[in-house]
Amino acid sequence: MSVVSENASEATQSPLIVWSQILPWIMASVLLAALPFVFGSGSALTIMNQMAITIIFALAYNMLLGQGGMLSFGHAVYMGLGGFFCVHLMNMVEYDNLWLPLPFLPLFGGLFGLMFATIIGLFSTRRAGTVFAMISLGVGELIAASSIIVVAFFGGEEGVSGDRTMGPTALGIDFASQKEVYYLTAFWLVLSALAMFLFSRTPMGRIANAVRDNEERAEFLGYSQRYVRLISFCASGFFCGIAGGLFAINFEILTQENLDLTSSGIILLITFLGGVGFFIGPIIGAIVFTMLQTVLSLYTEIWQLYLGVLFLMTVMFFPAGLTGLLAMHSLPYRLGKFSLLLVPYAKMALPALVLVLSSASLLELLFHARHASVGENEMTLFGITFDSHALTPWIVLVVLLVGSFMIVKRQAPSLYDAWQSANHMEPRS
Amino acid sequence: MSLIIVNLLDGLVTGLLLFMLCSGLTLIFSMMGVLNFAHASFYMLGAYFAYQISTYLGFWVGLLVAPFVVGLAGALVERYGLRRVHKYGHVPELIFTFGLALLIEELVQFIWGKSQMAYEQPPALDFTAFAIAGNAFPAYKMFMIFIAMGIFLLLLYILTRTRIGMIIQAALSYPHTVQNLGHNVPLIFMGVFGVGTALAGLAGVIAGPALGTFPGMAFQLGSIVFVTIVIGGLGSLWGALFASLLIGWLQTFAASYNIRFADIFEFFGFTPPVDMANSALRDLWTLTVPQIGPILPYLLMVAVLVIRPQGLFGRRET
Amino acid sequence: MNAPAIELSGLCKSFGTIEIIRDVNLQVAKGERHAIIGPNGAGKSTLFNLITGKYTATAGSVSLHGENVQNLKPYQINRRGLSRSFQITNIFPKMSVFENIRCGLLWSMGYKYSFWTLVNRQTKLTERTDEILEQINMTSRRNDIAGVLTYAEQRALEIGITIAGGADIVMLDEPTAGMSHSETDYIVDLIRTVTQDKTLVMVEHDMGVIFDLADRISVLVYGQFIASDTPAKVRSNEKVQEAYLGAAMEAEH
């Protein structure tokens, strides 16, 4: 990736506790603990749980893509298998008197993911790059296709379901309520994220970066690139399995959808959107994606089209992702020149917003005109109801689109100049 | 015996169709180092474009025009998308083509909707070519074989007998040297990408009426195409041909012989578990060969990778 | 034990039908500074890659300290105490200078694939890294990203990575290629200090550097050694003057 990786080297003599390093984790934990008091409704809790699971999955995925330089097209398999295994464990708790308190379940999902990743990794990590990507795709498709055949484990078309409340309880917590599940999920989120963060700070984590950047050099420093990739792969599989276990606890059902190429593609999209070069990237990606998905799918049928466009634009213009976009601003901020950007940004905001909204509206209009059932000519956009087969809305939207485009184009040079001067450093003496 | 002949022909159709996709993909990969994840999406575009043209001008015009339109679209994608991403390296390129595949599927649904298109074979080919012991073989399949064979022979001719073919051959064997030959590399890249996607488009045009024209057709075939070139060996045209035919026949034969796994196990002296409904191995005993047909290519891929990581015909260690 | 640090016997390497290295024999004693010279295309880099495990020999053998290392992978050879630099700068461009050096130290300090220790907590590791930075004169560049260094600085960093692991055999592939005079002097001094008490094998074009540094010189022409002796004797060797200078002039044209 073209992104400069974070510096893990700044510490010189580290005392046992460095507040600046621990503080973000404490703040995140406090925030997670406080969130249900603000968003306490069932649907909000479900979305937050979904987000937490996606964050773990995306972080685990980025252990490969961002830190190890390995692009996987079949990573849903490791989360999915961990999830299936956990549902089976839940059923064994219910029917076969297996003693396993629910809070420990994700650990076993992780171990199963680890086991499976080890088996696959033994032959798939021999090569990096394109070959690895293709193998991951093939293996992913193999498992997804087998899931319909191997009914005993995958439950065929309808999947496998379980009941999380049947296990041994402690302190009267039986995880029947969403809130209890939320706190369990949040606990595993913090634990997994911390573990993955620390992993990137170990000799193994640093060498994974080295192999990503220059595998040949790493070999001549005594490290086998294959083992380094294998270990990264196994570690990633472990955390994917934990995410799968949490998924099993939350939704109590796993189906083929948890394994297929779409799920694998989405996690790549999320991670890349957030920014693969930063530890926090996948976290931002998962939060933004889940919000977008929830909000957009409420209002429009073609939200996946927007997502596709957004993803492709990110790959083409901002390969460092959303986090990269934010990080770009750290230099002007440190130089104390951030204020130079405020006015050009403010000038750009409105026309850019109009540009985006009018293009989206045109797409909606086109979609409605083509696909709405016969006789249904009425459509509503932004609270305005109109006839999609009439000429007026088309004219209005095209005028808005062209107009805002012209303004954006005219503003662009001054924004560019402002950006240049905000990033201008005095030459070193 | 007659069933075998019909299966051989059916498998040949599938195999040659696969090869039309794999050849373009291999060409692009060898010359540009880019594995075009969206390759099967151009195949889908071929079918949709041809359908749209055929509604106005009939099947034959669609057959001629649609591949060119697809090739043009491919060239534009290379010029304005891929070239931009190229400087970031191979992994972002792969991610770009993956995003492109997603976007094309969404675009197709946006324009044509989610249901299957009424893209039919032309009336002129709507008859039975011949029948072997009651197994009818439609003329349209013969037509597909002819087209695919024609393309194959044309490729063979171009690669072995023309100057541009020599350059491509050189690129296949020594991917880095061609850039030093003084040819206009960006233009060659755009051309290769255009021709490769046009080939995929042509495959889509002729496959559309036979296999159905619907938004999922790209992903349905896409992963098989990648598996095929991994089995054949990345960057090897002969490997791609061999693996395409192998997979074509494997799938056709698997689909038409309804052999139960239980029979095979019993043949080797295993006894079925008494309590079948609760046995963990019950799936193994109730499986039939047609059921595992769809996963055979993937199993083959894993087997090849374990035994010969560079693929059957692959020489390159990259 | 008095086995030579490096011993090549009957080493051959062909690519297809082309023989690049033809029956090469060489012994480099412990602590010796040995230079390999020869015209372009003589096979110097190939020989280097054969010794360090990047290529596998077609015939013959490579031994380190009397131990055959044929068919070992580069990382295994590195663990036996041989470290190399590259003709084309080969560093970790996205990491800081400090981290580049630290990567070179990790294996030799026994961290292996550890994922249960935190690198920042390893006081000895940090100290050792800083020592090497001091040694290669790059302390001021400690936290800079390696990719933004000047060419000469990157070459120095590469030498730093190479010697960081404490290997007793150091192989440098054209360490001064493409450098100005003052830069070359700087690198030669650097090489002299960091390879004290070590076995050094280097490929080099700059005769000044070679006569300055080397105890012995081997001349490789068309995949064969035509001489292997002290600098003074090599300089006066007629065969060398004829073959090497002749070939060198051919290569120029």
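Per-chain residue numbering starts at 1, and chain names A, B and C are given in the order in which the chains are listed.
Rule of thumb we're sticking to: contacts are C-beta pairs under 8 Å (C-beta built on N, C-alpha and C of every residue); 3 or more make two chains touch, one makes a residue touch a chain.
Model, not experiment: these values are computed from the prediction.
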Central chain (distance from its CA mean to the mean of all protein CA atoms): A
Most distant chain from chain C by Cα centroid: B
Length of the line joining the C-alpha centres of chain A and chain C, rounded to whole Å: 44
Geometric centre distance via CA averages, chain B-chain A, whole Å: 31
Chain centre separation in whole Å, for chain C relative to chain B (CA means): 48
Two or more partner chains touched - positions in chain C: none
Contact footprint of chain C on chain A as seen in their complex: 3-5, 7-14, 198-199, 201-207, 209-210, 213-214, 216-225, 227-228, 231, 235
Chain A - residues contacting chain B, complex: 1-2, 65, 69, 71, 73, 123-124, 126-127, 129-131, 133-135, 137-139, 141-142, 145-146, 149-152, 261, 265, 268-269, 272, 302, 304-305, 308-309, 311-312, 315-316, 319, 363, 366-367, 370-371
Chain B - residues contacting chain A, complex: 29, 35, 81, 84-85, 88-92, 94-96, 98-100, 102-103, 106-107, 109-111, 113, 219, 223, 226-227, 229-230, 234, 280-283, 287, 291-292, 294-295, 298-299, 301-302, 305-306, 309, 318
Complex contacts: residues of chain C adjacent to chain A: 52, 73-75, 78-79, 83-84, 86, 90-96, 98-99, 102-104, 106-108, 111-121, 123, 126, 143, 145, 161, 165
